[in-house]
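Got a structure for you, questions after.
Per-chain numbering from 1; labels A, B, C and D assigned in written order.
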Amino acid sequence: MRIETLALADAKLLLTVAEQKAAEIGRAVNIAVVDAGGHLMAHVRMDGAWFGTTDLAINKAFTARAFQMPTEALGRYAQPGAEAYGIQHSNNGRVVIFAGGFPVEHDGASIGAIGVAGGIGDEDAVIAGAALAAFARHRKEHDRGAS
Amino acid sequence: MRIETLALADAKLLLTVAEQKAAEIGRAVNIAVVDAGGHLMAHVRMDGAWFGTTDLAINKAFTARAFQMPTEALGRYAQPGAEAYGIQHSNNGRVVIFAGGFPVEHDGASIGAIGVAGGIGDEDAVIAGAALAAFARHRKEHDRGAS
Amino acid sequence: MRIETLALADAKLLLTVAEQKAAEIGRAVNIAVVDAGGHLMAHVRMDGAWFGTTDLAINKAFTARAFQMPTEALGRYAQPGAEAYGIQHSNNGRVVIFAGGFPVEHDGASIGAIGVAGGIGDEDAVIAGAALAAFARHRKEHDRGAS
Amino acid sequence: MRIETLALADAKLLLTVAEQKAAEIGRAVNIAVVDAGGHLMAHVRMDGAWFGTTDLAINKAFTARAFQMPTEALGRYAQPGAEAYGIQHSNNGRVVIFAGGFPVEHDGASIGAIGVAGGIGDEDAVIAGAALAAFARHRKEHDRGAS
């Protein structure tokens, strides 16, 4: 079977737009993109971003791809008393359960993910959202051109 | 680009003052200092301090540098239901989310950190606070002398 | 004290030139750049590069910075019977002892490092060498402009 | 039963003398001292010493105490084909099998250890040797005074 996955050109588009949006709102962050296999494709740490958040950006992207949902959604299941409490200890400690990781989808398939870390939750979503919107526009144009 | 970092002489000043303050209040602790890269520069474990807290002092300092805030502040974000719940599992288990780690700052930049472990939270803050105050006085005199 | 470190713009220059050189010789690789603290600044995995080599590129860069020498040189000390046999097990398994990691230097100081993984040893050196040469030219022009 | 172990004052003497000797021969190193339990008591990383060798200094001291012999001696048993090949993978990866770790002894008992890392093998031995000699003189004077 064939699967769809991000290519490096896609990852660069996502990184570029996310970095621009982060600069625009004045927040230095880490941004990471993973492919359909959950593996790191590209990463940028903006000057001034905390180095402790590099690991988080990479693993937010991993988590969003591995569980095919935003990390914030997974986080709701991972609270004490909730149905997946403890899931954060699986996968060799790579599961991040707070906001900032988002699947990248195309035609209903999860083809990669983006992770943003270093801002507060809302800012991470704004930064990743700008990147995802730019990617969706780009794919729509590309698909139209290809048809 | 050029960044500021602690030198070993600075780390020794921080350790010496912290150890004196700890002795003064009758508490045997571990004290660790890291540089701008989060790497251990110097460490002392006072006679009688628990050896299980050595790792904590080193990693409190690492955490305070990696996230550019006191570990106690990070700990508030890391509680169940809070926005960074689970951050304690990142960075290969080196993130400590309770009191005792403090960034060392100069001219608004984070240039290293100190971690104190072995007392109760309040004591750690008193011990580290004495060291940070002595360092700030020292830098002020130095900067005045240099200008 | 003040130290020199790579900025993100430097890391991007290194990545871009390395990727161009890799494309030119027809080899898909991972490229990673770390700062003076050994922390990941930016990374690219070219389409078709093995995902198992991402970790190697990042840790080759870490190793070259942590020990201030090319990973291939460290590898000679790490052979059975040589004076640092076993160094590959230190630093939580992050030490890589074969070719592909190179310090980035400026005015005699180690200010970061680049790691290339995915090709054979000689190709990694050619790819990283092109990036380091471009960076050196860029710094020379910059330093001349600043003086 | 009573055991003898280093006190912090002893560790500081060892560190101070080792640092002086390292400065005298112009080599920036990491120096670590552990107690009879193998636990870190005090550590110093001299300005300019590679941060990758901090872990090595601490674990050389651990290893010398854990196996009650210089790490270089242990290293001879740990070569491929030798009788303890693979011992370097025991103890959670903390065993260092090259020169630089030395037990601290008193009255035939192993009461701690010192680890030096960052120089070449011979230099590490010279640096640690100066510290051990100073400690032995100090204990001899102390024992004479106490009798």
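Heads up, the rule we're going with is that a residue touches a chain if its C-beta (ideal position, glycine included) is under 8 Å from a C-beta of that chain, and two chains touch if they have at least 3 such contacts.
Since we're looking at a predicted model, the values are computed, not measured.
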Option reproducing the contacts of B-D, where over half of them reappear, out of A-C, C-D or B-C: A-C
Averaged-CA centre spacing for the pair chain D and chain A, given as whole angstrom: 46
Centre-of-Cα separation between chain B and chain A, whole angstrom: 32
Where chain A and chain C are represented by their mean Cα positions, the distance between them in whole Å: 26
Multi-chain contact sites of chain D, meaning residues that touch two or more partners: 47, 51
Topology of the chain contact graph, where touching chains are joined (line, ring, star, complete, other): other
Chain C - residues contacting chain A, complex: 7-8, 12, 35, 37, 39-47, 51, 54
Residue ranges of chain C in contact with chain B within the complex: 1-7, 35-39, 92
Chain A to chain B touching residues, read off their complex: 47, 50-53, 55-56, 59, 75, 78-80, 88-89, 93, 95-99, 120-121
For the chain C and chain D complex, residues of the former touching the latter: 1, 37-38, 63, 65-68, 80-81, 83-87, 89-93, 95
